[in-house]
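Okay, here's the structure, questions in a sec.
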Amino acid sequence: MKIVTFGEIMLRLSTPGFSRFSQANNFNATYGGGEANVAMSLSLMGFDAEHVTRFPDNDLGKAATQMLQQYGLSTDHIIYGGDRLGIYFLETGALSRPSKVVYDRAGSSFSSLNPKDFNWDQILKGADWFHFTGISPAISQAAADACHDALDTANEKGIKVSFDVTYRKNLWQYGKTAQQVFPDLAAKSDLLFCSKGDMKEMLSIQSPEGEKFAEVCQRTMALYPRVKQIVNSKRESIAASDNTIWGTIYNGNEQFTSPKHKLFPIVDRIGGGDAFCAGLIYGQLVYKNDEQSINFAVAASALKHSIDGDFNQATVEEIETVMRGDSSGKLTR
Amino acid sequence: MKIVTFGEIMLRLSTPGFSRFSQANNFNATYGGGEANVAMSLSLMGFDAEHVTRFPDNDLGKAATQMLQQYGLSTDHIIYGGDRLGIYFLETGALSRPSKVVYDRAGSSFSSLNPKDFNWDQILKGADWFHFTGISPAISQAAADACHDALDTANEKGIKVSFDVTYRKNLWQYGKTAQQVFPDLAAKSDLLFCSKGDMKEMLSIQSPEGEKFAEVCQRTMALYPRVKQIVNSKRESIAASDNTIWGTIYNGNEQFTSPKHKLFPIVDRIGGGDAFCAGLIYGQLVYKNDEQSINFAVAASALKHSIDGDFNQATVEEIETVMRGDSSGKLTR
Amino acid sequence: MKIVTFGEIMLRLSTPGFSRFSQANNFNATYGGGEANVAMSLSLMGFDAEHVTRFPDNDLGKAATQMLQQYGLSTDHIIYGGDRLGIYFLETGALSRPSKVVYDRAGSSFSSLNPKDFNWDQILKGADWFHFTGISPAISQAAADACHDALDTANEKGIKVSFDVTYRKNLWQYGKTAQQVFPDLAAKSDLLFCSKGDMKEMLSIQSPEGEKFAEVCQRTMALYPRVKQIVNSKRESIAASDNTIWGTIYNGNEQFTSPKHKLFPIVDRIGGGDAFCAGLIYGQLVYKNDEQSINFAVAASALKHSIDGDFNQATVEEIETVMRGDSSGKLTR
Amino acid sequence: MKIVTFGEIMLRLSTPGFSRFSQANNFNATYGGGEANVAMSLSLMGFDAEHVTRFPDNDLGKAATQMLQQYGLSTDHIIYGGDRLGIYFLETGALSRPSKVVYDRAGSSFSSLNPKDFNWDQILKGADWFHFTGISPAISQAAADACHDALDTANEKGIKVSFDVTYRKNLWQYGKTAQQVFPDLAAKSDLLFCSKGDMKEMLSIQSPEGEKFAEVCQRTMALYPRVKQIVNSKRESIAASDNTIWGTIYNGNEQFTSPKHKLFPIVDRIGGGDAFCAGLIYGQLVYKNDEQSINFAVAASALKHSIDGDFNQATVEEIETVMRGDSSGKLTR
Amino acid sequence: MKIVTFGEIMLRLSTPGFSRFSQANNFNATYGGGEANVAMSLSLMGFDAEHVTRFPDNDLGKAATQMLQQYGLSTDHIIYGGDRLGIYFLETGALSRPSKVVYDRAGSSFSSLNPKDFNWDQILKGADWFHFTGISPAISQAAADACHDALDTANEKGIKVSFDVTYRKNLWQYGKTAQQVFPDLAAKSDLLFCSKGDMKEMLSIQSPEGEKFAEVCQRTMALYPRVKQIVNSKRESIAASDNTIWGTIYNGNEQFTSPKHKLFPIVDRIGGGDAFCAGLIYGQLVYKNDEQSINFAVAASALKHSIDGDFNQATVEEIETVMRGDSSGKLTR
Amino acid sequence: MKIVTFGEIMLRLSTPGFSRFSQANNFNATYGGGEANVAMSLSLMGFDAEHVTRFPDNDLGKAATQMLQQYGLSTDHIIYGGDRLGIYFLETGALSRPSKVVYDRAGSSFSSLNPKDFNWDQILKGADWFHFTGISPAISQAAADACHDALDTANEKGIKVSFDVTYRKNLWQYGKTAQQVFPDLAAKSDLLFCSKGDMKEMLSIQSPEGEKFAEVCQRTMALYPRVKQIVNSKRESIAASDNTIWGTIYNGNEQFTSPKHKLFPIVDRIGGGDAFCAGLIYGQLVYKNDEQSINFAVAASALKHSIDGDFNQATVEEIETVMRGDSSGKLTR
C-alpha cells in the first residue's frame, strides 16, 4: 500500500542537551516537517511512502532529500528551486522551562512553489492515502493552491484523504485566514485530525456550550459529508518533560478513547502528534478497526517521545507491545 | 539600577553527563562563583551589574573576564595579578549518588588580593545594591578586609547591602572562625540570607529550643539593627536529581513563605541558591514587595535547576510565568 | 583477600544518549562481562582481584586488558589467541521503549579456548573466593570444561565458590542444555545466585506449586549439600528507566530480605546484577553477616544504576551510606 | 544508465582523530565495502546504481541498508540472513605511523550466503555495467560461486564486467588460492583493474623480466580475449598522510597515463582505490574515451582523499575541475 | 582610541572537521561578519571598538550580541527588529576540494534596516576611525543609505574612513550595481582596501593595459582626492589548506610590499582578509608608519589562518613576533 | 628488566583541536609528567616499569593512578597526601602560532612531599635503571632531597642512573639555582641527557668558544667521572606543526648522530623529549649498542609526534620500522 504526503520540510537545529540558545556553540542538525514525519513513520512501518515538497537546489536541499531516502521514502516528485530551506531552531526545555522553537521559514523554497509544477495525476498514481496538514495552506496562497490541486486529484481517484487541522497562528501572513481556507479543504477530506475547539473555530461549526466531542463531530460530518472519521489527540503537560497523552476517534457511530500514557521523562516531544497521525493511518490500513487504530496511534506517539529527532523510529512490533499494555521497557537481549 | 557584587570566580570543570571522575577524559569548562552568579542573573534580568574580583594575569583570567562580559557584566574594576585561578571539579550525581565537588582553590589570585587595590569609592559610584557572601571572608584575611572596606563604603553611600551567610567549613584556614568574622559583617548589612541555625551558630543569637524562624529573626534584628530583612531558602533532597525547594522572608513585621517547587529531574543544581538571591534582589528592586520577592526568588531558583552551568539564564518573563503557578513547561512555538 | 573470576569479556558499543541503532554515527566503547564486572567492583572496593579470560592477540585484546589494569585487576593469567573479541551493541531505551542488546559474540577467542591452557592450580594460589556465571558453560564445551577444572581446583583448595545461575537461552548452541550442565556445576559451588524458578527449571528441583523461596532453597541444599547460601536479586520494571530492586538471601536457617530501592531515572542498568553479586561477596568477606550482606549487595546494585558502563564504580563508603538508608543524594562539597 | 555491484559491506569503526586503539573511548561508525563504495560514487554522479549483498536480519543490517538508500542506491535485491555483519576497525595514522586496520569479518552473513538466493537474471535486468572485486571470491566458496553466477549472466546479457583484481592475502582461508580462482573470473571480464605484478602472479601471465605494463597487458589480453582494457592505479607513499597517485590505462592499442596528484595532508585514504574504479567506469560510460577516463578516475580518487568515510562524495563538477588541472581549492562563495 | 564598524553579522554554521554538508549531523555555531571581524580584532588588540548593526529581536540576535560583548565590543547602538538573522553555512575543504559557503541571508534584519534608526552623530562621538565594506551597500538600498549617512557624519567630524572595496557579485539584487554605488562611497573615504582590478572595474578608473599598482592608485587618488592610502592584500591558493599571502600599500609617494607568508596547513581561512584590515588599521593608529602597517597587517592575517572562527584572536605580541620574522611556532612554556 | 622513575605528574587539560583558551568550552584531560612519560613508554615496550610520585588523596589522584595502571606501570610506592594535583593547560598551536602551556602547579602534593616517606631501598629492589629529570629538583628543596636519596641508593646498589638535565627557568622558586643543584646530581649519574650549552651553563663546564659537542662531553666526563654517556636531542622548529629532530650520543670514545626526521604535520609534540629518553634507555638495555640506541631513540621520538597525549604509545615493532628508514606510513591491513 502506498501513502503520499505533501508539505514543507525544514532544517531542524537543536541545542545540545538542555543548553539554552545563548549557551550553544553547536547545533544538532536533522530535517523534519509535520507531513514528512508521517511519511517517515509509515515507511519504517513497511509501507511504500512518498513525500512531495520543494527544496532549494543547493547542498542543504540535497542533504534533506538524502535523509528522506535513508528511511526509504520515495523522493521522485520533489521539485528543486527557490531561495532557501526553511529552518527551525529548537531549545529543549526541562522542569518548568518549556522547550522553545524559533522559526526561520520566511521566503522558503516551499512557500514560493508554483502549484503547476506538481503533476498530481502522476504523483498519486497507485496511492491509497494522501495526508496533509493545516500548515501548508497557512504558508502561502501557492501552497494552499497546491493542497487543493492534490485533494481534487485524490478525490477523483478515490484516494483517502486525511487532514491534520493544525492551526499555527503566526504563519497566516498572506492575506487569508484559516477560517477562510480550512473549510474548503475539510470538505475534500475523508478523515480529520481535529479537536472540538478547532471544529468550532476553524471549521465554522455552531455548537452550544457544553456539547461533547461526538456531538460536535456529528455537526461537522453533517456540514462536511465526505468526512467519515474525526480523530483527536490530547496532551496534558505537567512539566516540560512530563506529559500525559491519549486520543479519541469518532466515526459517526461510535467513539473510542485510548488509555492514557504517562510520559516521563520525555526524550523529544517534537513530532509526537505526527507519530500519532501515522499510527492512526497505519491502523486504518492494517487493522481496519477504529478502536485498534486509536490505541495503536497513541502507543506510537508514546514511543516517539522516547526517540530523538522529528519522526518516529519505533517498529510496528514495538508499538504493538506498548499498545497491548506492556510499557515495562524490559531489557531485550 | 546598578548592582555590584564581590567575590572569587573559579574555573568549573565538570565531567560529561553522569561520568565519575575516574571515567572522565574531558571536562566541560565554565566559570562561576556565588557572588558573580548573582550579578550574572541580574544582568540578564536587565540591570546594570558589575562584578569585582581578582584574576591571574593569564589566559584563564582573560577567558573568565570575557565570559562575564558576554552576559553583560561590567568588568572595569577587576584586578589582575597573583598566581592562579581557583578551580573546582564537579561530578554530577544521579539516583542516590550525590554530586561531588573537589575544590582546588588554595593559593588563588583572589585569596592573595591586596584590599588597597580596590577603590570602593569609585567602584560603588552610582550603585544601588551591594551583594557578597560568607565565602569571601572565609578565604583569607585580605579578602575579609576587602569585604569590610566595601561595606563601609556602601554604608556611607547609603547603598543597600545583602549578605549571603554561607558557611563552608573547609575554607576557614587563615586563623579566624566564621563566628569571629560574620557578626561584624552582618552588622553592616541590610538584608541577610540566613537560616535559623546559622543565625544561632554564626551570628551568636541566643534562642531557646523550638523558637520559630520569625522569632529568631527578631532577635537577630535586635542585635543587628541595620538588618531589615532576613531571607531563608530551603531545600529538601529526595535524591540527587530530585529536590523540593521553597523560601521564607521575614521583614520585622510579616513573614511570607513561597509555594514549594518540586524539581525532578534536575539538570544542574549548582548555583540554585545564587539564583534565589538574585531573584530576591530583583524582587526588592522592582516589586518592592516582600511576598512577590520571595515568590519570584524561588521561581528563579527553580528555573536555574533546568539550566546547565553556574548561573541562571532564565528571563524575567520565564520566571514570572512559573511564579504565577504555571510550571507546565508547554512548548513555545 | 583475593578473589578470582573467570568468563568472557566483550567490547561494548553503545549508541550515544538515547539514539537508536539507525541514528548512530558513533558508538561509545568500553569493555565488560558478567564475571569481570564482579572482579572490577571488588577491586575498587579494595580487594586483590584477578580476572581470567582469553583475548585475541590484537589491539582490541590489548585495549581490553589495559582497561582491566586501569581499575587494578590482575591480568597475569589472561591467555592470548583465537580469532576475535566478542562484541555487544547496546541501544539505551527510554519510557516504554526497552534497551536493546545485539550480541555479536560467535567465534570469539573465549569460546574457542583450550581448557588445558589454564593452570588453575597456579591461578588460584592464595585465592579466597572464585566466582563464575552460567554464561561461560553456555558458550562452548571448552568453556564449560574450563569451569569444571576451575571448580575442581577451588574445591580441592577449599576456596569458596559462587555460581551466578544466569540462563541465556540464545547462547546454548553447542549441543548441550543448561539443564544438563548446571547441576554438576552447582554441586561444586558454595553459594548460588539463583531465583526460585531457576532452581526448579535449571537445577531439577521438584517443588510443589506455591512453595516459598526458602522451602525451595532447602530442597536445593538437600540435593546439593555443598551449597550453604542461596541469593536472589529481584527487579520490577515499571519503565525502561524506572525500576525497583531488592534481594533475598537464605542460609539454611534464616532468610533476609533487603529494603526495596526505587531507581528512577536510571543512568545505565547493564551490570546491575553483577554489582549485586560483588556486593554480596564483599558482605560475606567483610561483614560475615548475611543480613548486612544482602543489604550491602542491593545498595551496591542501586548505585550501579547511577553509573555509566558495565561495572560499579561506587566506593564502599558510598554504598554504606545508601545501605544505612540515606539515598538523599545531597551534594558533597 | 544502470550499474550493479556485488560484495560485502562492513561496519567501519574508526578511532576519533589520530587516537590509537588503546586510547579510544568511542568509535565513529559508518558502513563500507570495496564494491559498494564504487556504487555509491556512481549513484552520487547521477547513475542508477544498485548494490547486491547479504546482511544479517538485525538492526545493524537495517542501518547499513539505510545508509545505502541515503545516497540513492537501490537495495531491492539485498538478502537478509546469517549471523553477523562483518566489522573493520580503523586507526588513522600520522607522520611515519601507518593507518591500521583490524578486520573482524569471519563468519559474516556475506561469507555464508547461498548463491542460489541471488536471481541474477532479474537483478541484472536493464543493467549496463557489473563491477566486482577480488575480495568476494576470497571470502568463501559460496561467495566465489555467486561471482561466477553473476558473471555468467552478465556475459549472456552483454553487460560489461569490470573486475578489480585486489589480492588480500589474509582472506583466502577456504582451501583455494587466488591463483586458482582469479583466472576463470578474469576470463569473463571486459575490463580489469590490475597491476603488472598481479597479472603475473594472479593471472598466470608469463612475462620476461623488464617488460613494460603495455606488453604484459598484451599477453593478458591474448590469454583472456574478452578483456579489452586494463587499468592500473598507482600510489607512492611518502608518509601516512602524504601520498602521490596516478593511473594508467591500456586498451590494446594505446596507453594513457594520467598526471600525478600530490595528496597532502590526506583526510581519509580508505576507499581511494574504489573512487578510482568508479571514476574510470564513469569515464567509460560518459566520455567513452580512455584518456579522459583515466584522468577523471585519478581526479576522483584525489578528491576522495579529502573526504571522510569509505566512499567518494565529490560531484562530477568538482572532479572535472580537478581533472582540468585546477587543484587550487579556492573558496567557493 | 575608538573604532566604529558597521555591517551585517551572520550566524555561521560550519560542518565539523572536513565533513561535507551531506555528512553533517551537527554544525559548529559562531557569529561573524566582515566589518564586525575587524572590530573584534581591534578590541582584542586593546582598542575601544564598537560594532553597529541590526539584529532580530529573538534569541539568536541576543546570542550574537553576547558574543560581541564577550570580546569587549560595545553593542550600545545595535538596533533590534526585522525578521531574521542572516546565516551562512560553511564546509571546510581539503586538498583540491575547496571550502564552500552557502549563504542564506535574504530577508535579514540587516537588509531591512531603516537608515533613520541610526543616529550617527551620537554613534560616532569620540570615534577615531570608521570602517565599512562593499558588502553592506550590496545588500539593500537601505543599507547603502546607512553607509552614506555614516560617511557623511564621519567626514564632518574628521573621523578617518576606511572602505574595504569587496565585490560580491551574488549580492547585488536591489536594482543597482556596484559600479553605480561604490564611487560615491569611495569619494568619502580616506583609505581604500582595493585591488588594481577593482579600481578599474568598480571605481571607473581608466588605466592602460600593463600599468602597475602604484600607477593605478595615482589615478584613483586623482579622481578621489580624499583617498590618501590604498592597500591591497594578495592571496595565492595552492590548495584548499595551502595559501601564500602578502600585501601592498601605496600612500601617494611610496609603495611598501610585505614579505610573503606561506600558510600550510590552514586551520580556518575565513576572515583572513578582515584580520588584514584590522592589522592595517592598528598599524595606522599605533605605528603611524605605512611599512610597519602593511607588515603587521599581513602578519595578523597569517595568524588568523591558525585560528578557528571568523575573527582574529591573536594578540599584538603574537603578531609582532611573526612580523619580526619569527614564524617558528616554538612552544611557549 | 625493571626501570624506576621519579617525578611529578600533572593533570593535562588541553583545548580541543586548535582552539585558543578564550574559545574553549571543554578541555581534554589526561595525565603526564616528564619522568612518568618515560616509564609509560618503557612499560609499553615490555619492561617492568614503576613510577614513584606523590598524589593528593582525592578523586584526581586516584584517576591519575588508574591511568598509570592502565598502561601497566607499577604504582605500589606512590604516596598519597598534600593539597592538590598540579595542572597544566595546553593550547595547541598551528602555523606560526606556537603551542602554549599555562602551568598551575604551585602548592602541589609533589612539591610538598616529605623525602622520608620514600623508602628507596625497598623501591629500588631489583631495579636495573633509575631515571629522573631536572624538573624535580627545581620544584622544592624536599623534591631535590628525594632525588639525592634515590641517587645515593641507586649508586649503592649499582643501578644505572640517567639524568635528563632539563632546565625550566620559571620553576626555581625555593631559593636555590640550577647551577647550585645540578652538579651534585650529575655527579651521581651514569648517563646524561644534556646539550652542549647546558653542560656549560648548568654543570660549570669551562669550554672555549667553538668547541664541539664531543669535546665538551670529554670535559664533562672528566669533571663527573661516573658519567659514561652523554646524549643530546635536537629540534629545529620551522613552524608550530613542522619540526625536524635528530640526536647525538657520545660515549667517551665515539659519537653517533642519528638521521634527521622531518615531522609535519605534528599531532602532538608534548612528550617528544621523554619518548626520546625512553627510546635511548631501551636501546641501552636491549641493543647494548650506542649507535642503535640513538637511532631507536630518535625514531621513537618521531613516532611520539604522531600520537595524542603526553606519552609514546608506539610499539617496539613500529619504532624499529621507522628506525630502519621506512617512514612511508603505508596502510597496515
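Note that the chains take the letters A, B, C, D, E and F in the order they are written out, and that residue 1 is the start of every chain.
One rule holds for everything that comes next: a residue touches a chain if its C-beta (ideal position, glycine included) is under 8 Å from a C-beta of that chain, and two chains touch if they have at least 3 such contacts.
This is a predicted model, so every value here is computed, not measured.
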Set of chains whose contacts include both subunit F and subunit A: B, C, D, E
Chain of greatest Cα-centre distance to subunit B: D
Equivalent interface to D-F, taken from A-B, A-E or B-F so that over half of the residue contact pairs match: A-B
Chain whose Cα centroid lies at the greatest distance from that of subunit A: F
Between subunit A and subunit D, centroid-to-centroid distance (C-alpha), Å: 42
Distance from subunit D to subunit B - Cα centre to Cα centre, in angstrom: 63
Touching two or more other chains - residue numbers and ranges from subunit D: 20, 22, 25, 66, 71, 100, 265
All chain pairs that touch each other: A-B, A-C, A-D, A-E, B-C, B-E, B-F, C-D, C-F, D-E, D-F, E-F
List of subunit A residues in touch with subunit E within their complex: 13, 16, 20-22, 24-30, 58-60, 62-63, 66, 83-85, 87, 89, 91, 100, 102, 104, 106-107
Subunit F residues touching subunit D - in the complex, by the definition given at the top: 71, 261, 263-267, 302-303, 305-309, 313-314, 318, 321-322, 326-333
List of subunit C residues in touch with subunit F within their complex: 66-67, 69-72
Interfacial residue positions of subunit A with respect to subunit B in the complex: 17-20, 22-23, 93-101, 103, 168, 170, 237-242, 265, 269
